[in-house]
Amino acid sequence: MISYEEVGQHNRAGDLWIIVHDQVYDLSAFEHPGGAAVIYQYAGRDATLAFDQIHSPGIVKALSAEQNMGSINPDTLPRNEEQSVEQANTILIKPSKPDLYSLISVHDFEDVAKHTLTAKAYAFYSSAATDLVSHQANLMCHRKLLLRPRVLRNVKEVNMRRRILGCESSAPFFLSPAAMAKLAHTEGELAVARACGEEGIAQVISSNASYPLAEIVAAGRPNQPFFLQLYVNSDRSKTEELLRHARELGVKGIFITVDAPVPGKREADERIAAEHVVAAISGAVATNDRKGGGLGRVMAKYIDPTFSWDDLTWIKGVSGLPLVLKGVQTAADARKAAQHGADGIFLSNHGGRSLDTTQPAILTLLEMHKCCPEVFGQLEIYVDGGFTRGTDILKAIALGATPVGIGRPWLYALTYGQGGLQHMMNIFRDELETSMKLSGITDVDDAHPGMVNTSLLEPLIRSSETHPWIKWQPRSRL
Amino acid sequence: MISYEEVGQHNRAGDLWIIVHDQVYDLSAFEHPGGAAVIYQYAGRDATLAFDQIHSPGIVKALSAEQNMGSINPDTLPRNEEQSVEQANTILIKPSKPDLYSLISVHDFEDVAKHTLTAKAYAFYSSAATDLVSHQANLMCHRKLLLRPRVLRNVKEVNMRRRILGCESSAPFFLSPAAMAKLAHTEGELAVARACGEEGIAQVISSNASYPLAEIVAAGRPNQPFFLQLYVNSDRSKTEELLRHARELGVKGIFITVDAPVPGKREADERIAAEHVVAAISGAVATNDRKGGGLGRVMAKYIDPTFSWDDLTWIKGVSGLPLVLKGVQTAADARKAAQHGADGIFLSNHGGRSLDTTQPAILTLLEMHKCCPEVFGQLEIYVDGGFTRGTDILKAIALGATPVGIGRPWLYALTYGQGGLQHMMNIFRDELETSMKLSGITDVDDAHPGMVNTSLLEPLIRSSETHPWIKWQPRSRL
Amino acid sequence: MISYEEVGQHNRAGDLWIIVHDQVYDLSAFEHPGGAAVIYQYAGRDATLAFDQIHSPGIVKALSAEQNMGSINPDTLPRNEEQSVEQANTILIKPSKPDLYSLISVHDFEDVAKHTLTAKAYAFYSSAATDLVSHQANLMCHRKLLLRPRVLRNVKEVNMRRRILGCESSAPFFLSPAAMAKLAHTEGELAVARACGEEGIAQVISSNASYPLAEIVAAGRPNQPFFLQLYVNSDRSKTEELLRHARELGVKGIFITVDAPVPGKREADERIAAEHVVAAISGAVATNDRKGGGLGRVMAKYIDPTFSWDDLTWIKGVSGLPLVLKGVQTAADARKAAQHGADGIFLSNHGGRSLDTTQPAILTLLEMHKCCPEVFGQLEIYVDGGFTRGTDILKAIALGATPVGIGRPWLYALTYGQGGLQHMMNIFRDELETSMKLSGITDVDDAHPGMVNTSLLEPLIRSSETHPWIKWQPRSRL
Amino acid sequence: MISYEEVGQHNRAGDLWIIVHDQVYDLSAFEHPGGAAVIYQYAGRDATLAFDQIHSPGIVKALSAEQNMGSINPDTLPRNEEQSVEQANTILIKPSKPDLYSLISVHDFEDVAKHTLTAKAYAFYSSAATDLVSHQANLMCHRKLLLRPRVLRNVKEVNMRRRILGCESSAPFFLSPAAMAKLAHTEGELAVARACGEEGIAQVISSNASYPLAEIVAAGRPNQPFFLQLYVNSDRSKTEELLRHARELGVKGIFITVDAPVPGKREADERIAAEHVVAAISGAVATNDRKGGGLGRVMAKYIDPTFSWDDLTWIKGVSGLPLVLKGVQTAADARKAAQHGADGIFLSNHGGRSLDTTQPAILTLLEMHKCCPEVFGQLEIYVDGGFTRGTDILKAIALGATPVGIGRPWLYALTYGQGGLQHMMNIFRDELETSMKLSGITDVDDAHPGMVNTSLLEPLIRSSETHPWIKWQPRSRL
């Protein structure tokens, strides 16, 4: 039994203990994948609440027995410790959530999440890069596509099933990868897997999931379709290990993120930690650097910024799984992906979280029709960004998307656990069914470009890789 | 005499009594056209207030004598029963309305309605589909058409009479069909019929009117023009019966709604019932499903989603009346309507209440000029959606509309009963007269496209049925 | 001496006395040009305050001696009479105005006017037709024209003098006609005339001025340029009399208003009187009709709606003065004006007060360059509507306007009397001088279209009288 | 020792003493470059606080010994004197600033400045001309350019160094000239020089700097790049003296401002002084004229409005330094600058502070690609106006700018002194680095027009010096 006072003396780099679930660990030599700062802020203190918010219980076992220094003597724990700012932030009494079935649209879930998640969790989920230009464009884009409904057709029965990377899906949408589902619900990605199993929807698991891959897959049904989102690690052996592990677990495909060699600047995320730390941290231990305390940035430190086209062969070789490139933003790269044998491309601006002022995926989809229509027959095309309505999904499918990815909405729905996710999926399916019937079609495979008036977006669509009329080139290009 | 306590014991599916106007009815076997839930919420209780708000007194006679179980013993009625949430909602003391003649524009009527109708009634009337994109586009559209007035013409006298489906009208507008006028005024559609008779305006009676068709027609003058809006019933014999009944009553034409094989998702409407029911309903009786409690959705359950082009011959055969297709939204369907012998088409996006992000009727009218100008000589063309000003009407007529339909405004004006409606019609006529004179014309038949600058809408007008430049087609189309 | 009680008995049509400045008048047979209702509201009561607000003291002499029934006995006047709603409205203690020279832009004058005029006066001055679309477009239009300044030119001295209808002006702007200046200041149009004399600016006097034409002209300097705005009276002999009178007084030209054969619907103006009267008026005497109590509408009753192109010869013959058509809104009518020998056209949508959703004058000016460029050499072209900055004026001149008319701003400046007007004129001249220098020109006659980027307005400019692509014509046209 | 009472008697033009740092000066014959009014307001009083806010301590030595009348007797100073409105405004207790490193974007600095600068200082820095149209367009412009990122490229290392007018810069941006840095921080331009030295960034020193040129240069490192912004003085010998002085101090180039022969009308700036002075000044001494009290306008009085193209030779001859024309706003003047041998042009609308409704510099840059692409090879092209993000800088460089100027942001950052400036520069560099990596480039010289979608701005780009379709010319041009 170790006293709290003793733990408190090991409170700096090189001599660093923390408490998790009444056990004391010596993390002096431990390298946290999110950087040392994450641990420093709990040096010499109890990190249980923060740990639970992000990690699955099993992950603590990854620490060797040597690192476990013994149990904390509960009599020595100070009452005030529970009042630390970090923990207060976590355990704030939250407003109670309304009855799940009083929520009737995806927007309702966002409202609830905003008022019931911790400020930090909501900031991490909802934030986007710098001035939010791309984030807002994503949302606005769907409103600018007009539907052209045909009338007087028999629309009694509707079929919306679609195959995604060889797997059956009950609807033409899937869950986009998003990090750290535990911030929304203690069951995190496990609840997601169960909901997807019930509803026949595919889940793309984030590299930064809060539960281990094996646990998530185990939570699903036999043969349930899972895909793995991948950030390539600067230590490539770790990536190889992960890919083999995924294959063994029966994961059906790999989604490599290609639009985030470095993290975008999400200021809402940076700010919350920053404010917190300025108020609460003292002494030599600093948990924030001078850029703030962004969770997204901290988690991105291991990503390999040298990863490029020629490395795709290596990924395919190691995994032996279908490959989707997530974050393609130009027709030029779509064509290049097809040439490099990708099985799919995921048109996305990362929910506006990566580089600001990039175009919404819908515009890239339209650009492809202008610049490389042949690619539509060569691989599957996924899109995401601001999809909140059945009409949004229908338009993207009509314009040639294979399926549509749902991102933030499932994080918000997860505040209600598995049931929340299933309700959200049903809302999307209901809205899509109504939209199909009111548009005059009964099979999602009949959706076609003539159903959509794209006029309002047309002035924005680029039709060539080079600038259409500026001939000037920088000296380095001549 | 039956005691209130006894009624209360018949409070579930299969054994269900309700009280209406001091009479007890056994509705265990009754099929309500709006679905069972509508009745369940009053199972074992007094439904008088809710009944009166929606139905005409005569309709209770439709129940057979067997269903009438006798009178309620008034001494057994609880005082508190009157305080049930549903009834409280209905009988809330409403703010007094301003003097009718202090209202000088259609917008004023909406303001009054918003503050004096029950929350549920206002939600049902004013709500539109999902994100209100089409609803707002309808309103904005009129502001984007610019008038081009000519000066120095003798404009002393103005003629604005026009024939609509063979009937004389004092002005180039009519009342679009809208359900359940009793929510605005106890005299409901009867007051509307009387106002239309006084002012020489045509009324399209909704299939979901709160008074029986015969009573409404009887409230009018001899030979007053009435049209019947029709939702085709899944039980087509009921539709045949209704059509024959309408013809016998002297109805002049049938407006079949073709843009709502299933109901649109009107969230404001869904929400109010939902909130109400969550708070007030207990036990096994549930009045809401998991989608909310939308009045519009509940009432749409009997509509036949298989109704299609080939069924038009049947309708014409049964009714023998002129036929207008309400809800045409593309030039392609306008042409098809002409080919199928329709007497008129009603360009409309259902006031933005059906499928969201569809285009306003004015855009469909312009699309017809691009794609099928020949149709203008083949049938009458009606438009509605957001018409609140005389200038709005003048522009639509100048662009080729036969008459313009007025929708929500008459529901709002009806809060003042017959007088309110007449005042509203006079405001529209005054504004139209002023607009004609200030535009330099004196006969509505002289209104022509050169009077309107359509430049701001032009980028949105589609000129072909297929997408103008995307060649890709879904596999199912190849 | 007549008692107040006795006056009160003559309080109806056919037997109607009023009190003005302690004198009692019998107006039983008097025809007020604004309609009988204006007088009825003071029947049997003291009308002094209302009279002073609108009329010059001299005008009471127009009543014959017979109509003067004698003096009121002051002892009989009730104290409460001073508290009538109409008068209370007029004599409300108003907030004090800030120091004149703390006002540095035209917008500042509007702010002050809004807070210091009576509600009715501000409503009458500031209101515009129905939904204010044209009014707001007028203001926005100037912001959408971009200036293209040239640099490194000697801009030490600037000349901005310009001839307007043959008269010298110190700047390329003049005061547009506007009714009832007394609502802003007791000296009304007299103060305007004095300010214009001091500053060398031309004044167009409204037919509905609150002082007689002779008094206004007399307030000016010898040979100071005055023009007369004219509404043709249904009793044309009155118009002839006015024209001859104007000529004798030395008025330099006639501006016939051609865009208002009937008054526009200005709801802010209608509403105030309406609300007031509903609250305060009792008995059979009604001052409002069912359309409200709009001052603009009431004053327009005498206007002849049959006045048309062929009548221009008559006007020129009677007056022998140069003629400007005020309210031309299309290139087609501009061409027609030139053909009918007009000396000038005044492009204007009446400050957005006549027909709503018409285009700003700047768009008509651009339309003329497209459709009838030859007209620029045939007559003078005036524009007004939303000019509040020196840059606004410079752009209009660069695009071919002869001078620019200033409307509402001078009414607002008049709250400070003559000094306010002169300060406003100096602000406009200062801003124009700065704008010229910063644009790189030193003479207003050097302003040319190349200085203005008109791109943002171009999609709106019409280039033909007929609709550019709709071929359909109403049957009456075929 | 002079008594305060005696000083107070010399309080008018021609007999004017003031107190600065306990010394009394006779300024009866002194000509203040900002005009006499600046001094008049302290006539007979203590001007120390105002003096310190604007001038460096050394500048008082410029007054001759004769002008120093002796020391003030401190016992005679009134307590109340410290309470004069001007001084109260200066010494108001300001809210404390947040920790520097909690600021993570340039917008944060503006927020802090708004709440911690004096109202007058913030008004002077932030204000722009009249209706702020150009100022807002500058900011909006950057959001309308879309980036087109390429993926899967090795982006580990980034180079963003660039040469500016022959000098090495650590990044492709520099500090635009801005007047009176002492209003933000007592060390003013000295702190700026030190920060630039540390970070390898070039500084353009304003003619209206609050420290003497020699002191600023001395604060920097040896060979640190300084440029001098120049307003040509009406007394050209003073300009010659300044140019020779700059050359001797090692200044590397001259930026002549060509877009402000007269000052723009910045109302926020005018208003504050105006309000203040109206309240506090009495007697014959007036510090405000009737246009307000704008600091920008007052300081511009010495500028020579006759300065034009032919004078450039004189400047080059006298200074012998590279010459940049600051404020070029059309392709026509860009071409002319190249013809006159300018070494660079600075596309700028003066931060929207000069002539309102002029186009943002980005539009002029695009106009140059249309009208005079050859100029890109003939001189360096600088742009500024609303640059607040790394993405903004990247886009301008990709479109052909040599470097980008940062204006208001550094004034706001200076509220934190040298450290604030360095932090701001690091934020810009971090954002630029992230933007480059996420765009798929690693060298700023590889940025090219194909990276930017300019579609949203294209309708605004002019392609000729004359108006594209209006043929009409004013008579003076024919």
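The chains carry the letters A, B, C and D, assigned in the order they are written, with residues numbered from 1 in each.
As a working rule, a contact is a pair of C-beta atoms (placed from the backbone, for glycine too) under 8 Å apart; a residue touches a chain by one contact, two chains touch by 3 or more.
Each chain and its UniProt protein: A, B, C, D = L-lactate dehydrogenase (cytochrome).
Just so it is clear, the model here is predicted, and its values are computed rather than measured.
Colleague: Is the contact between subunit A and subunit D built from the same residue numbers on each copy (over half shared) or from different ones (under half shared)?
Modeller: different
Colleague: Superposing the C-alpha atoms of subunit B on subunit C takes a rotation of how many degrees, nearest 5?
Modeller: So the angle, rounded to a multiple of 5, is 90 degrees.
Colleague: Which chain has its C-alpha centre farthest away from the C-alpha centre of subunit C?
Modeller: Between subunit C and every other chain, the largest centroid distance is to A.
Colleague: Could you give the separation in Å between the centres of subunit C and subunit D, each centre being the mean of its C-alpha atoms?
Modeller: 44
Colleague: Using mean C-alpha positions as chain centres, tell me how far subunit A is from subunit C in Å, no decimals.
Modeller: Computed value for the inter-centroid distance: 62 Å.
Colleague: Show the residues in subunit B shared as contacts by 2 or more other chains, in ascending order.
Modeller: Residues 459 of subunit B touch two or more partner chains.
Colleague: Hey, which residues of subunit A end up touching subunit D in the complex?
Modeller: That would be residues 130-131, 133, 258-265, 267, 270-271, 274-275, 278, 288, 290-292, 305-309, 311-312, 325, 327-330, 332-333, 336, 354-359, 459-462, 465-467, 469-477 of subunit A.
Colleague: What residues of subunit B sit close enough to touch subunit C in their complex?
Modeller: Touch residues, subunit B against subunit C: 99, 101-102, 104-105, 142-143, 145-156, 366, 369-370, 373, 376, 389, 391, 395, 399-400, 423, 426, 430-431, 434-435, 437-439, 443, 445-450, 452-456, 458-459.
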